[in-house]
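Below you'll find a set of structures to go through.
Below, subunit A partners subunit B and then partners subunit C, in two separate complexes.
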Partner chain A sequence: MMGVVRILLARLAQAGFVAVLVGTVGFALMHSLPGDPAFRIAAERYGPDMVDAAAAEAVRAELGLDGPVLPRLLRWLGRVITLNLGHSLVSGAPVLPELLDHLAHTAMLAAMALALALPLGLPLGVLAGLRPGGAVDRVVLLGAVLLRAVPPYALGLALMVVFALHLGWLPPAGFESPAAILLPALTLALGVAALGGRVARDAVMAVEASPFLRFARWKGLSEAAVVRRHGLRNASIPVVAVLGLQFAALLEGAVVVESLFSWPGLGHALVHAIFARDVPMVQGAALALGLGFVLLNALADALAALLDPRRARGTL
Partner chain B sequence: MSGARGLGAALLLLLGGLALLGPSLLPDPALQDLRSALQPPGTTWWLGTDHLGRSVLARAAHALRFSLTLAATAVGIAVLLGTGLGLLAASLGGLADRALAALGDATLALPGLLLVMVVVAFAPGEILPLSGGVALAQWVHFFRVARAEARRVLALPHAEAARVLGFGPDYVLRRLVLPELRPILLTLVGFGLGTAVLQVAALSFVGVGVRPPTPELGSMTTELLPYLPEAPVQALVPAVLVAMLVLGFQLLSADEGQKP
Partner chain C sequence: MILPRRALLAAPGLLAACGDGTAPSWPRIVAPGEFAGLDLSRAGHVLGRMGVVETLVGADEAGRPTPELAVSWAVSADHAEWRFRLRPGARFHDGTPVDATSVASALSHAAAGVSVLARAPLAGIAPDGEDVVVFRLHRPFAPLPAFLSHAGSGVLAPGSFGGSGRVDRVIGSGPFRVAQIHPPHRLLVARWEGWWGAAPRLPGALYLATGQGETRAVMVESGEAQIAIGLLPASLARLRRRVRVAVASVPTPRVRMLKLDAASPFFRDQRVREALSLALDREGIAGALLRDATLATDQLFPPALADWHDPSLGPSRQDLAGARALLEAAGWRPGPGGIRQDALGQRFAVELRTFTTWPELPAMATAIQAQLREAGIAVSVSIGSSSDIPRGHRDGRLQMGLFTRQFGLVPDPLGTVLSDYGQAGGDWGAMNWHSEELLALAASLGTTPDRSARRRIGTILREERPVIPIASSTLAVAATPRLRGLRLDPFELRFHLQELDWPA
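On to the complex of A and B.
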């Protein structure tokens, strides 16, 4: 049990890192903008016509925007950690509800991508690993190497040209129809599957060559029992262990793919906010993506501990 | 498997040659000729022209030079910073070591591209935050490898003997640790360059990397998106170049033990 607690504490610390890092950048961004931050925040709250020195002064006093830098930064971070993320500098709307809407879209896209990537990457990886050097292995290796080199936006563009422009099967972009999620999700899924399939191949190859599997066969277990009781679980440990890398690929891909397909998720919001220099939105979107990354990694840790009890006991 | 490495080297030589020689041999990448806009690839325009009648080949050559320079600068900074701090952490040990390791963990808390974007937010469209962001996202990989390898070598008998004999830390690091570190670092540099090229192209594609009229492989595709049905080749060529560049770096630095 101690092992699990320690792992989860490390993830909690990582979440803290993300909040402090993103919050500090947000603070610095706010102060790198020309003009007085108090005036800007007052303008976004009350509308640009209603701002005068008194309103700015009230905001300054309320948010503690004057005084030495360090206490100011600490107060700013305190608000970030309590998810008091302020109002958008562009629309004036509170950041948090908008963020939750984007988060829902990104979570939907990521879940769909994973749902497509798993049945695509794992079986191919397993087949390749069972016969290293065989035809399947060569084709999968080639595909994985190419997929890792092609930038995600080009992959999405190619899929868009084929399935939306030429065949006309799927809508090219947007989010109105349920089918619109398929192209962006497939783009993300291909990248994730390439990575996951590669790991699955190596894991299966290692297990297939292991003495314990030879022994299981030699003592007379049926092939199905060998695979079920000794093969799958051992092969899945390294696959789960590198899930973090795949989540990183997923989130990085989401930023680009959402922009390409006009999918209203966090990545799209982040790009737009950077473009419009909407600091509270940049901070919020980066924070949500970063915390989502930590959460996914924590889930992967829990899964790894479930699969390999030695890890949970802390004996590994 | 030297075939893969050879292919990678050939790809990089080809693209590097285009980046090196292209800009002086080809026409001005900003030269517009609106009467010959969106020409398909042919004998006059080898890769066609874009919506402003600019030569896609000339722009691609400049964009390749830009990408390679930026990636090399960013990864160069990351190698120097990461290796330097890694060696420092390993030889100092104690509190400094733990503080530097925590700094590395903090950098890894965000996925790489997200970290670059957060830095780019300070001045979108400018080169300094872009290269700085890429370097910031990569230094930690060099740091971790350098620190682990230096710790291993410093604990070996011959390194300990050298220290007992009175050789300074500078000598020990330079003569005993660095030679063992170099091949690992070279592999990492190859992958790092590929990642940097991909990140810069991706950010320019979504519009927060480099701004037009600077030719850049990602933004060249974006500029031609509205003309995708008429000019698919011109829009996809820059993306194919990115893929070839990244493939070249990955093949060249591929771990030979990983191949079947």
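On to the complex of A and C.
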């Protein structure tokens, strides 16, 4: 248990480092983008038809965009410690509540995607791993390659046409009914299931071929006990590690899917904020994503350490 | 394996049955426009169209002013003062009367911010008694009623403004009141029984900002939305074949055009600008990229602006031989690699800037690049952000820009013409070009609504070519056929929800 605590403390220190790094890099990147931020902010606020040099100048004066850059960054870093992420340059509303709302939507989407991906990918991966080169393995490989190769935008549109238009089972987009989460979640889930299935297959294969499994069988354990005590637990370690990373990737990879399905999540908000040069919003979103990544990594590490105590003791 | 599969299949039905609390008889409208706040400069386009906020003056399909919160108006003999008489009995959604004091205060707030009203030569807005609002002007300005019909000139109740003058609640006077509002994408409105007009049949409606055109099309096709505003040409062709969806479109006063720096060595000769216009296959571009060849135009003012558009001028056809002859006459002779050069050996190589706010623009830019190459002009296309064109105009580095311009920003384009083609040109208009005759005509229009002067302005712009129009636009809308009374507004000011009926 002490090992798990040590891992979590290390991750906490990492989180502080990530916050400073992500905030600074996000700030620097936003200021190095071509184009005039005053025009972009004005276009997002008032619509592109209302934007001319006068509107842009008004925005520049209101937000002090001409001022020195470094003090603005230092002010932001100082405020982050008190959880004050500033105000959006576009809407004027505080960033934090807006961000939490988007984050909740994205987390919901990612969790639903994972919930759909696990029962789809893992059983097929295990079946494929038990008979490498068999019919199931080859069909699953083909399916996984196809699903990973199709861009999420095209996959999402195809699912929309099938499930919303032809079958009429699911709403195609929006966030008005609870069922609206299913199609974007499925779009993300298919990609995760493909990867998770492949990892599960390789892990099962490796465990199947391992000396400790042969020894377990040799010493006379029943097949069920072999799989339960030695097979599943060992095979699940790489799967947990990969799925942890995948969940974090889902939070970020939802950008395209969220836009396509009009899902009011963090990815969608981040893209809008980048277009609008809404620096506090971009920094806040990047911070949330960075910390989310650290948190999920920490959870995956902790889970792996519980599954395999040698990791926590540092003997592996 | 059987149980989870069954559960999965049943889940959508169960979840859908939970619903969200809005009654099924409230139609959902999906449109591209998000709104970045509650202020009318940011959300007016949505609040106006959804019938929450009204303006003093409305506009009919031809852009002519119609009474709304003002029932009549008149201008003084010296054109320095306009008086608007308010509609008796009109009330805000909080029950307070729409009186001259509240209107003057709301519009003064709009004129002080980013709005079209801020561009009018206003000296002051003041109440005169209970029911007359007086606008004093610095100089004669005939299009004032049109400026007052813009969404940003909406009238909010005094209770809408918080202590610092910010809008913290939306209290309008239209047929629908705000039930829930979540910037930037969701607005639920409910019928307001105290409206001065005939009571709307719909109990309410929901506006959902949906950025992707394909998504909007699928939402209306599947019945998830009842009205989809702004459809992509590709979706439109498919939707027209569906029986579950009715498709309608209306020409709008938006024009895609090329802007040229008339002071540059390339474009200062009017013959070169004319040659560029002749070298373009507008019908090809409109047919292939916008899926509607009839949108091709070389007039700045589209048919939606009846007083400005000249229907007697036919479509402009591509004339490569004519373009080449004009370029020769202007001193641009064929050079190495088929690119023309002038007597000093300077190649005719220019940069065309455009941006992606409108998805068709980059594709149009590459089509223009290919077509001008045929005439011996090398164009490099630079795709950036919409700020590149106003910035390039200011710093003088812009050579050619491709963009769209909305002439119906206010239903009378005179204001747009003045800001785009005035003495110093405009960010979204002429660059280093002006015409004394046009300025004199525009000044005369400040006092008299003269149709022949408007047509003449169109003719000057067509002959001198400070900009080269390419294609006009339509607003395409798909709706469920059960929805009755749908009326499209070319100026995109109103959805006219109060005229809609959605029988069960």
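Everything below uses one rule, namely that the second predicted complex is superposed on the first by the 246 of 316 C-alpha atoms of A that agree within 3 Å, B and C clash if a C-alpha of one lies under 4 Å from a C-alpha of the other, contacts with A are read in each partner's own complex, and residues count from 1 in each chain.
Everything below uses one rule, namely that a contact is a pair of C-beta atoms (placed from the backbone, for glycine too) under 8 Å apart; a residue touches a chain by one contact, two chains touch by 3 or more.
Computed from a prediction, not measured in an experiment: that's the story for all the values here.
Student: Just checking: does A:Leu232 make contact with subunit B only, subunit C only, both, or neither of them? Give me first, second, both or neither.
Tutor: neither
Student: Looking at A:Pro34 after the superposition, I want to know if it touches subunit B, subunit C, both of them or none. Which is it: first, second, both, neither?
Tutor: In the superposed model, A:Pro34 contacts subunit C only, not subunit B.
Student: Does the superposition put A:Leu170 against subunit B (first), subunit C (second), both, or neither?
Tutor: Once the two structures are laid over each other on A, A:Leu170 reaches subunit C alone.
Student: Applying the document's definition of touch, where does A:Asp52 land relative to subunit B and subunit C: first, second, both, or neither?
Tutor: second
Student: Is A:Leu96 touching anything from subunit B or subunit C once the two structures are fitted on A? First, second, both or neither.
Tutor: Neither subunit B nor subunit C is touched by A:Leu96.
Student: Of the partners subunit B and subunit C, which touch A:Gln14 in the superposed model: first, second, both, neither?
Tutor: It touches subunit B, and subunit C stays clear.
Student: Have a look at where A:Ala42 lands relative to subunit B and subunit C in the superposition and call it first, second, both or neither.
Tutor: A:Ala42 contacts subunit C only, not subunit B.
Student: Considering only the touch criterion stated at the top, classify A:Ser259 as touching first (subunit B), second (subunit C), both, or neither.
Tutor: both
Student: May I ask you to decide whether A:Val161 touches subunit B, subunit C, both, or neither, giving the answer as first, second, both or neither?
Tutor: Touch partners of A:Val161: subunit B and subunit C.
Student: On subunit A, what residues does subunit B touch that subunit C touches as well?
Tutor: 157, 161, 165, 259-260, 275
Student: Under the stated contact criterion, what part of subunit B meets subunit A in this complex?
Tutor: Against subunit A, the touching part of subunit B is residues 105-106, 109-114, 117-122, 124, 194, 198, 201-202, 205-208, 218, 221, 225, 228-229, 232, 235-236, 239-240, 242-244, 246-247, 250-251, 258, 260.
Student: Under the stated contact criterion, what part of subunit A meets subunit B in this complex?
Tutor: 14-15, 17-18, 20-22, 25, 28-29, 32, 132-133, 137, 141, 145-146, 148-154, 157-158, 161, 165, 202, 247-248, 251-252, 255-256, 259-260, 270-271, 273-275, 277, 279, 282, 286, 289-290, 293-294
Student: Under the definition above, what is the set of subunit C residues touching subunit A in their complex?
Tutor: Counting only subunit C, the residues touching subunit A are 4, 11-13, 15-16, 18-20, 22, 28, 30, 33-34, 36-37, 41-42, 45, 114-116, 152, 166, 183-185, 206, 208-212, 214-215, 218-219, 221-225, 357, 384-388, 390-391, 393-394, 405-406, 409, 419, 426-428.
Student: For the complex, which residues does subunit A have touching subunit C?
Tutor: Residue list for subunit A touching subunit C: 34-36, 38-40, 42-53, 55-56, 58, 90-93, 119, 157, 160-161, 164-165, 168-174, 176-179, 182, 259-262, 264, 272, 275.
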